[in-house]
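These are the structures in question, set out in turn.
Each of the next two complexes has subunit A plus one other chain: subunit B in the first, subunit C in the second.
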Partner chain A sequence: MKRIETDVIIIGGGATGTGIARDCVLRGIQVVLVEKDDLASGTTGRNHGLLHSGARYAVQDVESASECINENRILKKIARHCIEDTGGLFVTLPEDDPEYHHALIQGCKKADINCREISVTDALRIEPNLNPTIIHALTVPDGTIDPFRLAAANILDAVERGGTLFTHTKVTHFLRNQNTIIGVCCHDRLKKETFEIYAKVVVNASGVWGQNICKQAGIELKMFPSKGSMVIIDYRINNVVVNRCRKPADGDIIVPGDTVSLIGTTSKKISYEKIDEAVVDDDEVEVLLKDGEKLIPNVSKTRMLRAYCGIRPLVAVSGKMDGRDISRGIVRVDHEERDGVKGFISIAGGKLMTYRLMAEMTTDLVCAKLNINKACTTHQIPLPGSEQKSSEHKQIKRFSGIPKSIVGSTHFRHGERAHRILQKDRKSYGLICECEMVTAGEVDYAINHLFVNDIIDLRRRTRVGMGPCQGALCAYRAAGHMAQHEATHEEDAAKMIIDFFEERWKGIKPIFWGDALREMEFTYWIYQGLFGLGNLISGSRGSGKGVETIDEIRNF
Partner chain B sequence: MNYDCIIIGGGIAGLTCGIKCTGEGLRCAIISSGMSALHFSSGSIDLLGSRSGQNVVKEPYAELGRFIEENPGHPYSKCGQDIIQKAFSFFQAEVRAQALVLFSNGDKNHFHVTPIGTLKPTFFSQKSVFNKKIRDAFYRKPKIAIINIEGFRDYYPKMAAVNLKKNRLFKGCEIITGSIVLPGEKLNPKNPHEFRSIDICRIFDSKPDLDKIASRISSIAGNADIVGIPAFLGLNNYNAILKSLREMTGYILYEIPTLPPSILGMRLDNALKARYAELGGVFIAGDRVIGGKILNGRVEYIYTENHPETRLYAPSYVLSTGSFFSGGMISDAEKIQEPVFGLCLEYAKGRQNWHRPAFFHPQSHPFLSFGVKTDEHLNPYGPSGERIGNLFCTGAVLSNYNPVQEGTGSGVAISTGFWAGTQIVQKETGQHTRNHD
Partner chain C sequence: MINLENISFDHCIKCTICTGYCPVARVTHLYPGPKQSGPDLERLRIKNPELVDASLKYCNNCKRCEIACASDVKIADIIGRAKWKYSKKRFSLRNILLTRTDLIGRVATFFSPLVNFITRVAAVKFFLDIFLNIPSKRRFPKYAYKTFRGWFQRNKNSQMKFDRSIVYFHGCYVNYNDHDLGKAVVKVLNALNIGVIITREKCCGVPLIANSYLKKAKKQANHNIQILGKAVESSEMKIVSSSSSCAYALKYEYTNLLELDNTRIAGHIVYISEIIYQEFEKGNIPNMKPMKLTAAYHAPCHLERMGGVIYTIGILEKIPGLELKLLHSECCGMSGTYGFKNECYQISQDIGSELFSKIDAIKPDLVITDCETCKWQIEENTGYETIHPVTLLSRAIEKVKRH
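Let's look at the complex of A and B:
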């Protein structure tokens, strides 16, 4: 059996895990990160992508609010290409408590969040699609953050500095020496390979799945999974984050992101056994659309793209069990202290916003265990792609000859790394995905540098198939492109497309009517009617079934 | 203007009906709001591909009797076997009048190669997709070359080859892949790496250097017997281009359908429209029928988006507006409607019942079978349940069949279009139809 030795093993490839990997490597610690699926495929990639100013917590939880605003300021410097500094609004509807906005102003003051009341007229000038009947408006330094880019940039930096990443690799069991964890045994689903990794410290950064990981180590860590559902609409109908000025509740925020807008979020307790099969319920879609429309009325006239849900990794710290009342605070557990199991740390709770802080706290503890005395620098050193502030205008000049729209979107997604993608070779900027302007060059870059194994991974790195057509044309192209360029993908190309649409389908089912139904009928015609793809029936990802061809009869 | 018949929708069903009516001397208008679904099709004509979604049908005519018996509400059952067979012969003859040749494998289905390299049973294919030479070549375990044009991003030969090799029919066949650069592409202002089928088609239609193309094909295909090329060999001169390339290279050349736009489908669309125009039919493109007046079980008049004040009258009307994608039906979170007349539909209540849990579910999706409820004459029922005697519904707007799962899409369009046309002709001219009295 293959055997790897390292200083630290990190379990989980979300924002926290990749953040820890980067922090460790920057402090000179060897790391291996193991992720059972793909980067940002769990809760990290399933939230509304809000770069919190902290204002949403300012009334109830000033501590969280302060954490948010601090990280907000840091991320705007180190993760420029993952962030849009859109600004945000809090608006009070006629039906809302008119006093709440005073409380919000006070809370923001306490947490040092720059919150300012503006006139309704000014609010409508900033965001013309807003409900014109609002009675109060506040501005806050909210923004948007792309969690896929964030996780990819963190691990990219870690790997470029010597770290190791295994995606689609599951921890099968822990390796122990009496009451010390000395490593893990893993199985790589794609290479179908089992191997052992030995390390001085194992970090459980697997979020809501952390309860299972702890169980594998014989430890109890109780999670209270809370489902949050969101609906994506097919246009960017707002340019700034629009929050409803009331006590946090379902359907009170609309976040713009890339080419779309998101209506968030519900909060529903679910049982731990259901975390891998959670779906968006019809009543959640209803409340999101109904309340979303109150903030921006043309929500109801806009096509819905999909709905999805994420599971918040809330850790039980008190007896209360409601999703919004459990602390979203960071929970770092030294299992040596708590359970007498050496060499094992869990990090949970928290938010996407505080991933870097969580990584810092975890790495501090790792350092203490390894007797390393090195300070954290992740708040100062920019992520790859965010090294410099550079305007789109500058980039367009730099790559003159390549269509502006392509330069713009490549730079938007990859920041400074765009120079490794954009070449004045026409082949490299031929488009694979028109909706999101993803070029052949960007796909190649993602395959070669961003740990892409299939077109679902590719979607998370490039936005292939995330646009209005939901992959109707580009899924085939992206799979074909991978098959043409990487012999290993030839066999899998058809299966990749099947898996891709089964994954897209999960998000479309909850909103399957109107234009979404039309679009999927079109997609079905192409992929089943025209291609007969379902005849190559396979199981979905992970079911282990291979592609089989229907038994053709010789009919000539 | 006075028409004997107004057809709403200019897809394959509407055009088949229009050709039947104009061919019999009726004055006919087709009002079409957009692009035909043929542009997204394989360009082959399916009659009956599989029974209960699983068993590939070998001889569709032989199976039809049993199929009709098992599916009494199916549009085929409303047409009857005789009309279906007539409709197919009619269709074949009408497009042949426009030099578009459809081949069948006698009374059997044949397989056409899909873009991804699977095989689908179908009944008619264009000469460039299926013919006797291609069929016979398979007895000799041919060497096959699949050749793309450099930069064409809607076809990937390696992916197709891998899947073809999984098929028993291709076991033992050597399949090679490659691509050629199209001569003169530098003159094309578009990035040649963003070519879609229609772009390459235009180049072929503008008299490219076929000698050069032939020699480039030969240099890659070598000693292959069959050369497969994505279907983009022209919209106008395709017969001549294919003939030239065959003669120059000596290969058996065949075309493989691509991602939309489907050139094979567009050829069919063009042939049908040209045939309809040749017979004197009026085709009004770019307008949408948005409503009509129903009185005493009859459509009195209809009106369009562009001219809502103008009432259009005819003794007979045909609704060939397609399924959801074409706008023949619209849905919201609770219900589905037919937008022109508000006709009675057959569909499952509760949107969870419109689809299956998996996208590629072996039982396909219920929504594909939703549509307008009709009687055996294809007459629908109005909003208050009354049968509408002068309105005939054809093609994908009809309920009770799953075109994708059964492989009956184009077959139902042609058969119901022809059956509606036959009845209208009979009404207007007093002719007698043989089998449905």
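Let's look at the complex of A and C:
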């Protein structure tokens, strides 16, 4: 059996896991990151992508609010290309308690969040599509953050500095030496390969799945999974984050994210057994659309692209079932201290916003265990792609000759790394995805540098299939391109397309009406009418879990 | 910021049939096609107005994409509005000369022999090519001496004797270039026992719209809505135009693209051949002499967009002796001012080349088309005389009168 030795194993390729990998590598610690699916395929990639200013927490939880605003300021410097500094509004509707508005101003003051009251007229000037009946408005330094890019940039930096990444690789069991965890045994689903990794410290950064991981190590870590659902709108209905100024509740935010807008979020308890098959419920969609419309009336006239849900990893600190022990904050557990299991750390809770802080806290503990005395630098060193502050305008000028829409989109997604993608060769900027302007060059770059195994991975690294047609045309082009460049086998490509559409279909089902329905009819016409892919899938597991084996297709 | 009333791009299901029908995308890679330029990029332009592509300028506004669209997306309007809204406004003397039809027309008709002479001098053409980017290979339309309106004013008393009247929107081409077409319209309508009224109209705005001078176009459109609205107020009177693009602009572009309220006139506007066709259907057919001609008919894009081609064919079929050959539905490439721009000239010629060779293969006695700019393109490239259907109709009627 293959055997790898390293300093630290990180389980989980979300924002926290990739953040820890980067932090470790920057402090000179060798790391191997193991992810059972793909980067940002769990909770990281399933939130509304809000770069919190902290204002949302300023009334109830000043500590969280301060954490957010500090990280907000740091991320704006180190992760420029993952962030859009849109600004945010808190608006009070006539039916909302105006007291909350004043409480929010006070809370923001305490947490040092730059919050300014503006007139309703000014608010409507900033965001013309806003409900004109609002009675109060506040500006806050909210923004948007792309979690896929964030995780990819973190791990890219870690790998370029010597780290190792295994995606689609599951931890099967822990390797122990009495009370000390000395490594993990893994199975690579794509290569059908089992191997062992030995390390001095194992970090469990698998979020809500951390309960299972701990169980494998014989430790109890109780999660209280809470489901949050969101709806994506076809285009950017707003250019500024719009929050409803009331106590946190369902459907109180609309976030612009790249070319779309999202209505968020609901909160529903689900049982731990259901975390892998959570779906958006009809009543959640209803609430989101109803409340979304109150913030921006045009929501009702617009096409929905999809709905999805993520699972918040809320942790019970002491392992008790008592609700009061549930923490919404960051939970770092040194299992040596708590459970007497050496060489094992769990990090959970927190938010996407605080991923870097969580990584810093975890790496500090790792360093303590390894007797390394090095300070964290992740708040200073920019992520790959964010090294320089450069406007889209400058880039467009620099790459004159290539359509502006392509230069702008590529730069938006990859920051400075766009220089490695954009070439004035027409073949290179030929489009794979026309809705989101993903070029052949960008797909090549993603395949070669961003750990892409199938089109679902590719979607997370670029934006292939995230536009209005949800991959109806680009999935085939992307698969063809990958096969042509030997990034996949031709027969794997067919399976890959099926899985991709299975995954897309999951998100479309909850909003299956109007133009989304017409779109799907067209998609199905190509899928089944033209290519007959439905015949291929019968008998397949169609699990939406990436490429399995060529043999599986041969057996159909 | 987005005007939320204009979100038809949201209905695009990316079937790409529009790009299949786009004459420009078929001949050049410089234009990515209507789907990409319209609904796809509109989402990006909403996100960041800087992401507007230079390729938008290659859209010739033929509207074939809108005919093809199965989702009722106003693709050409999206592109037209994007050109105006997001593109940098640059001063272009050429575009001003090409679009200010009333101003240029008024001056040119006064000195028409001189203008017609110098626009044919090679040195002048060379100069226009170098300094104004107007292709020297293009032939300019000839200007008439004085205006059609002047002629009409002198003869308007003869229009009083009819029971029914109609407002004739003659357009710039009739007024400044082709009085004969205007006279033919009057003659045919009179033969149908309909009198003609003319208002103090301005250019309908099509060239301004195509070149993104929407502000100026709006001004002229408002003027026309006022003046035409007044003329047909509280009556069933129709407004006819002998130019398919003018009729299209008055009826549809004013509201769809310019976002003006044209309800006062929209229901009244018809293209000339529809009125004539309706009269023919009622049995009101003037005597016509056999023409003994083979004519090839080319349907202009904007007439197709309006669904008016069937009427023109209907009236041509009533002309005795005329052997009518219908040409395959395609764009001629001229598209108004499009073919008069250096950057679009080759595209314009490439689009039209199939049409030209089909006409050459038929070897007709003449070509018929409803649009003046199609006429220029066909005449320049095939050498066949190209006339308006109403002109042919008036010739048939004229023959009877002489006997």
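Everything below uses one rule, namely that the second predicted complex is superposed on the first by the 524 of 556 C-alpha atoms of A that agree within 3 Å, B and C clash if a C-alpha of one lies under 4 Å from a C-alpha of the other, contacts with A are read in each partner's own complex, and residues count from 1 in each chain.
One rule holds in what follows: a contact is a pair of C-beta atoms (placed from the backbone, for glycine too) under 8 Å apart; a residue touches a chain by one contact, two chains touch by 3 or more.
What you are looking at is a predicted structure, and each value in this text was computed from that prediction instead of being measured.
A.B. asks: Let me test your reading of the model: by the given contact rule, A:W505 touches which partner, first (subunit B), second (subunit C), both or neither?
C.D. replies: first
A.B. asks: Would you check which partner chain A:Q380 touches, where first means subunit B only, second means subunit C only, and both and neither mean what they say?
C.D. replies: Neither subunit B nor subunit C is touched by A:Q380.
A.B. asks: If we overlay the two complexes on their shared chain A, which of subunit B and subunit C does A:R426 touch? Say first, second, both or neither.
C.D. replies: It touches subunit B and subunit C both.
A.B. asks: In the overlay, work out which of subunit B or subunit C sits against more residues of subunit A.
C.D. replies: Touching more of subunit A: B.
A.B. asks: Looking at the overlay, what does A:N448 touch: subunit B (first), subunit C (second), both, or neither?
C.D. replies: In the superposition, A:N448 contacts neither subunit B nor subunit C.
A.B. asks: Quick check for you: in the superposed arrangement, does A:L473 touch first (subunit B), second (subunit C), both or neither?
C.D. replies: Both: A:L473 reaches subunit B and subunit C.
A.B. asks: Is A:Q484 contacted by the first partner subunit B, the second partner subunit C, both or neither?
C.D. replies: It touches subunit B, and subunit C stays clear.
A.B. asks: Classify the contacts of A:D234 with the two partner chains as first (subunit B alone), second (subunit C alone), both, or neither.
C.D. replies: second
A.B. asks: Touch check for A:R518: first (subunit B), second (subunit C), both, or neither?
C.D. replies: Both partners.
A.B. asks: Going by the contact rule set out at the top, does A:L530 touch subunit B (first), subunit C (second), both, or neither?
C.D. replies: The first partner, subunit B, only.
A.B. asks: Identify the residues of subunit A that lie in both the subunit B contact region and the subunit C contact region.
C.D. replies: Shared contact residues on subunit A: 426, 431, 473, 518, 522.
A.B. asks: Where on subunit A is subunit C touching in the complex?
C.D. replies: 128-129, 234-237, 239, 256, 258-259, 298, 301-303, 392-393, 396, 403-405, 408-409, 412, 426, 431, 434-435, 437, 467-469, 472-473, 515, 518-519, 522
A.B. asks: Could you pull out which subunit C residues touch subunit A in their complex?
C.D. replies: Answer in residue numbers: 1-2, 4, 7, 9-16, 29, 32, 35-36, 39-44, 46-48, 50-55, 71.
A.B. asks: Note which residues of subunit A are touching subunit B in the complex, please.
C.D. replies: 282, 426-427, 429-432, 440, 473, 476-477, 479-481, 483-484, 490-491, 493-494, 497-498, 501-502, 504-505, 509, 512-514, 517-518, 520-522, 524-537, 540, 547, 549-556
A.B. asks: So in the complex, the part of subunit B that touches subunit A is made up of which residues?
C.D. replies: Touching subunit A: residues 37, 40-42, 56, 58, 105, 108-111, 114-121, 135, 138-139, 151, 153-159, 162-163, 166-169, 191-194, 257, 259-260, 262, 323-325, 330-333, 351-352, 354-355, 357-362, 364-365, 367-368, 403-404, 409 of subunit B.
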